[in-house]
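Okay, structure first, notes after.
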Amino acid sequence: MDLALSVAPPARHLQAAAARYAGVRAATVDLAAPLSPEDAMLQSMEDASPAKWHLGHTTWFFEHFVLAPAGMEPLQPQWHYLFNSYYDSAGPRQPRPRRGLLSRPSLEAVLAWREAVDARVMRALKAGSLDVPQLRRLELGLNHEQQHQELLLTDIKHALWSQPLRPAYRSDLPDPAAAPTETLPMDWSAVPEQLAAMGVPAWPQAPDFAYDNESPPHRVLLPAHALASRPVSNAEYRQFVEDGGYRDPRLWLSDGWARVQAEGWERPLYWEPGLEQAFTLGGMRTLPPHAPVSHVSYYEADAFARWAGARLPTEAEWEHAARRQPPDGHYADCGMLEPCPTRPAAGPGPLQLFGDVWEWTSRAYLAYPGFRPWQDDTGEYNAKFMSGQFVLRGGSCATPRGHMRASYRNFFPPHARWQFAGLRLARD
Amino acid sequence: MDLALSVAPPARHLQAAAARYAGVRAATVDLAAPLSPEDAMLQSMEDASPAKWHLGHTTWFFEHFVLAPAGMEPLQPQWHYLFNSYYDSAGPRQPRPRRGLLSRPSLEAVLAWREAVDARVMRALKAGSLDVPQLRRLELGLNHEQQHQELLLTDIKHALWSQPLRPAYRSDLPDPAAAPTETLPMDWSAVPEQLAAMGVPAWPQAPDFAYDNESPPHRVLLPAHALASRPVSNAEYRQFVEDGGYRDPRLWLSDGWARVQAEGWERPLYWEPGLEQAFTLGGMRTLPPHAPVSHVSYYEADAFARWAGARLPTEAEWEHAARRQPPDGHYADCGMLEPCPTRPAAGPGPLQLFGDVWEWTSRAYLAYPGFRPWQDDTGEYNAKFMSGQFVLRGGSCATPRGHMRASYRNFFPPHARWQFAGLRLARD
Amino acid sequence: MDLALSVAPPARHLQAAAARYAGVRAATVDLAAPLSPEDAMLQSMEDASPAKWHLGHTTWFFEHFVLAPAGMEPLQPQWHYLFNSYYDSAGPRQPRPRRGLLSRPSLEAVLAWREAVDARVMRALKAGSLDVPQLRRLELGLNHEQQHQELLLTDIKHALWSQPLRPAYRSDLPDPAAAPTETLPMDWSAVPEQLAAMGVPAWPQAPDFAYDNESPPHRVLLPAHALASRPVSNAEYRQFVEDGGYRDPRLWLSDGWARVQAEGWERPLYWEPGLEQAFTLGGMRTLPPHAPVSHVSYYEADAFARWAGARLPTEAEWEHAARRQPPDGHYADCGMLEPCPTRPAAGPGPLQLFGDVWEWTSRAYLAYPGFRPWQDDTGEYNAKFMSGQFVLRGGSCATPRGHMRASYRNFFPPHARWQFAGLRLARD
Amino acid sequence: MDLALSVAPPARHLQAAAARYAGVRAATVDLAAPLSPEDAMLQSMEDASPAKWHLGHTTWFFEHFVLAPAGMEPLQPQWHYLFNSYYDSAGPRQPRPRRGLLSRPSLEAVLAWREAVDARVMRALKAGSLDVPQLRRLELGLNHEQQHQELLLTDIKHALWSQPLRPAYRSDLPDPAAAPTETLPMDWSAVPEQLAAMGVPAWPQAPDFAYDNESPPHRVLLPAHALASRPVSNAEYRQFVEDGGYRDPRLWLSDGWARVQAEGWERPLYWEPGLEQAFTLGGMRTLPPHAPVSHVSYYEADAFARWAGARLPTEAEWEHAARRQPPDGHYADCGMLEPCPTRPAAGPGPLQLFGDVWEWTSRAYLAYPGFRPWQDDTGEYNAKFMSGQFVLRGGSCATPRGHMRASYRNFFPPHARWQFAGLRLARD
């Protein structure tokens, strides 16, 4: 869908947009379906948000960024304070740590609001009454919604795990330990020094959707290096734990070691003390040894790499490898919601670059040369977070299929553990 | 009901106990009825608890303190961790500040548990299978339940007020400002120096229920003093606010002034800035000028008294006056859930000693001479809180009728504001 | 010295006042003499103050409360911000937790200021130019100075102990373990119920100095009780520790138990883990088993008493016993700066009521009936602290001789441990 | 001095090393000379350290890293706990926030220790008894000492400013506002896209000293860009302040804006509200309008650049420009200890790259490709801080002359303001 033209988009584009809108929006509601109104209100830590809030916030996004500019009065003007996340341009908002204190509106009311907003959007799409900038924001809203689909899953995982009864999100999820598995050696693909392309053209000037932070395309000098053929596995990470990795300060960044001590880290988040079991969205499960390790912070990924005599890849190294593959992998639609054990691939190239686990890179989340944020009020979307965070790449088992690409830059603070984040090794 | 005898209680006592049990237990469920499962999960501050937790905790009390000693295995052993409040003798427990993070068990499941426990208790009562100590704990459990009925109301009031939409608990509550009213002067009844009786005999050795902290009866030397004929009104407190009471450190205790500054206190909790409106369980309402002021801390009560050239009464002064009256007043069953304007009384004596608002006394919550806590595991009920708190007397508009008496000692830290707490003046 | 008269005091009174002034002021400087300028700047916790600050604050007291009203411009007006402690009437001030960040003025400059202020005061005394209210504040200032002498010692003890090298304040202090000792049984003196006198007449209306919080004299009904013949000893307290006293929540007030867990209390402050040694102002020393235990909080004193099957005495019980003795005891002038082992007394009555260790009472620090704070700006001295504190009685081995009396009320929060505070048992 | 050889260094090298050692060590003592023992104990915030601690820590460095490996027992083994900064390999240590609580050892004792250690080092140098690794650590120790010379100045500046009396460090410092000045336009030098060299060979394998984090040399693809001819001036920064820069969230990174609000930032640290005066080591002074702005955080530098329609340079861009100049500039030896107004240069190229103010780059402090930390226990020196920090370049008016080079990478967290840190603009 090329929204860069200032003329009205043709009808078949609008039809496609409507279908896509309906699909993405329904997927979010489906993800919330296993949750009771009480589950949907849980906020177990500041970084996470209640599922109900995700449902409301993504709806607010369309009401605020698409319908309001199209001249439609908000259906629920009082709720905008509640569901604005961090947009200073959109006014004041409920403090983030207090999102779990909103019993009103009820889950039911939020879902009803979703339907009403969706009906408005569909009508507008069918009537062709959205102009090109509004259609751009619609597309952005759908990508935004997909990000919150993943957050809804990781946030509720944390919220359910935080409760003494540790209930499952769904009891019908397949068991990752039951997947066929075999031990695959970690191979290394050597890459010689070269000028490499990175980033993509700015959307919507270019037709393919991408966030502003992925642009502009540019070249970097890639140093000679080698990239591991697969992510680090649970079994390998367990060796690190059993080797005393969490007790040896020499392996850790200074901030990481402070965190290990202050929060008593001894193993990945969600692992049980015996290192055999871990909490999943399907409840407590046996850890599959050959699946990628997940729920580790940057500090842990970095310490593991040091212990292993390797390092984390840079963004450029990762993207260089990923551009040579289609963005296929084990995403949320596979329905397991846990990383899968690694299996041999048909073709060449590193395995599991996409899906399963986000891979921490060794690069801080900063602007590309020539980066220019979107110049309207969506410019707050990405650009203002360019301090204190590291980039992760490739998507995870909780990412919606179709959302990922080689240039995609996710980012979290180095202590964050509640995402499906793992690591792949690299070497000079 | 005399439970002090070690022989089995007669059948008519058991019948009365069953009726009382059924009534008190049903009243709690009725109080929770206006709440959605989401409302019932709210914990807006550490001091408060979710309504669902109150429902569970009071049920736990019977399962742990009555049914378990009677040989019945708990129906929900896993939930005991969740709903134990502070009984070290009963084992570890969910940390108090994290009571709002329990989506499971659901409100529905907690209510079902209540029913199952109630059925067991009723069966046991009918079968006469509870021994005297178990019947003692049953009676204690009912008084305990009544305390939580009041807390359920004050906690949900805070939780609803804490939300930006400020929803009402019930929209059908009568308007306190609509009650007939007239200006009553504040009179003073002079009391000469005398030896006065205080406290009541220890239950269950004595037949009438009382908490251990109200015993033993003892005499104190009451100094000559005068007690005000009614509590301080909203109108009078407003004068204090308008006179700059919250800006003059000379009126405040040192800790109180620190609190005023740190938390930006400018008026009672729930009052709107214009000093005309206040949040109630029925939503935002006009403040009735001649109703007792409520939702003030000890610090505020003390500062007001200083400003007014008076002081707070001691426990002994208050109890001396209250022993001369039946414990009648405006309790929760009146259905307004706000203090009522003062009206002239038929007989002599101070007005509104009971009900409407708890009255801060100038006395710290400490043991009476000869005090002995209950000697079993209910000894934790009251005795371990004897530091850092002040005594309040008389009950409030949120106290269940029948729960109050002249010797009753409620206690809260001096900064607590979310109870229906006001004040009555005294003078030397 | 009778300052209640509005006529000028006779010359010999002024001479006595001058001598007393010179003596008290010199004593403070003597206490600071073993400290380097660096030692004198230490503030090891919020509750404590640097020795230099004590030297400055006590000087400020005279400059602000005596010389300024006498028409003398302050010698160091800029320093008043630094050395005002908590007098709102005297304007803003350096925040208490940041008193240790004042390298300027230097210790030398503060001592010079002391001399200059002292010279002014002495000149004014000799010239007879201070009026009666000013002389009243002079007397108050000297009592105030004596309190800070004790605090200087307890604060520096904490500051030196807080350092890894744990230096001694003075290396020439006698060893308390070397004092002659014998095991004295703990006897109990029974006191029948009676009306007892408490408190003293308000100074300066009455001739003998007392703080406003000790007045007015009043009667209380003392219940029948028994008071222990001596304070609890180190040996007895050690039994409590070895019996698991710090691990049994049933012995503790709820707030106390929270403190035990949060701060990892396992024994009195300053005791070494082996329970044989403790840090003193003379350095690390062997604990004398028969000396009163010290450096325990109210929570610990209360838990010990519960463990021992007894309780703490009330203020009234303690004062009743103390009024029958002269206020003699082992004060700071004995030069040991540690509590002395108990020795048999010549006459009847409880031992060591005065000196050695402050004794926690079970009473919150509150106003006596008819209490009226001083009506000028010294009214902030005591009255505004009447919440959150417990009363201690009798003085300690760090109290200046001559400062103590039976009616004296000291007060600290229940968690405070850095004073020379111990306990004496009582029983119903 | 080439220490990479494993044969003994020739005598003239040792002579030079001895002279350099003596000079650097004396310079630290000179910097502390204006401070009283009390000043030298000040720690006004966690990030800063007392001057006495700097004196001790730098001495510990030689005793621990040079003399101990050379077989010499420490002179003060007990002090190693006190003066170890962050070396886990060297054992436990005084917690950083409590460095200001060390009255012992006294300043005098620390200075005596310095002399004793220096004598040992000089003797060892003269005797030729240090082997090559020990000489390497000696050289490292001198560079380390120079870093602490700068920190001593910035830390004491903060400590003196934190006091109400705001004393000067030295009253004889020249006034920066008195320096000759003229308005220099901000020019831009355009740099075309190119492969550029960055970093230096690893020392001590290569002869010139550099920290491990500056190696290895590598090439980067420099994008086309333009670099400003001089740093941003006080006058320009003042325009930003007056234009509401501190009130407009759109200009700020999200973390930066949170900091602005939480800490009430309204202007650079040390500026007075009127924007005309600022605190300096010479006391309160008029701000010279044409001197580079200093004491701004990364957040402020970044927000200013956005306001100015520019951006901060990358490390590579800065280093590219700096490699074309000798590292000359206005360092601490000029004796003003404030940035100097910009003056026209004799030759081409950007002005004031070296000295005056550290310049924030837009790059996080991370490893260069192929980076390898020093492989002994000095490996903790730099490598473990590679998260959460941004790189600054070029040195400041508080940096010792001779310490700076084009490849030098300084790093601080983005909120740090107490360094002499300013900024230079760049453009795509």
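First chain written, first letter: the chains are A, B, C and D, and each begins at residue 1.
As a working rule, a residue touches a chain if its C-beta (ideal position, glycine included) is under 8 Å from a C-beta of that chain, and two chains touch if they have at least 3 such contacts.
If you're wondering where the values come from, they're calculated on a predicted model, not measured in any experiment.
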| item | value |
| --- | --- |
| Touch-network distance, chain B to chain D, counted in steps | 2 |
| Centroid comparison with chain A (C-alpha atoms), farthest chain | C |
| Averaged-CA centre spacing for the pair chain C and chain A, given as whole angstrom | 61 |
| Chain C-chain D separation of Cα centroids, rounded to whole Å | 48 |
| Between chain B and chain C, centroid-to-centroid distance (C-alpha), Å | 38 |
| Touching two or more other chains - residue numbers and ranges from chain B | none |
| In the complex with chain D, residue positions of chain C that touch it | 36-44, 52, 78, 81-82, 94, 98, 100-107, 159-160, 162-165, 167 |
| Parts of chain D lying in touch with chain A, wherever the complex brings them together | 86, 88-89, 195, 218-221, 223, 225, 249-250, 252-257, 298-299, 302, 311, 314, 362-364, 366-367, 369-370, 379-380, 384-388, 390, 414, 428 |
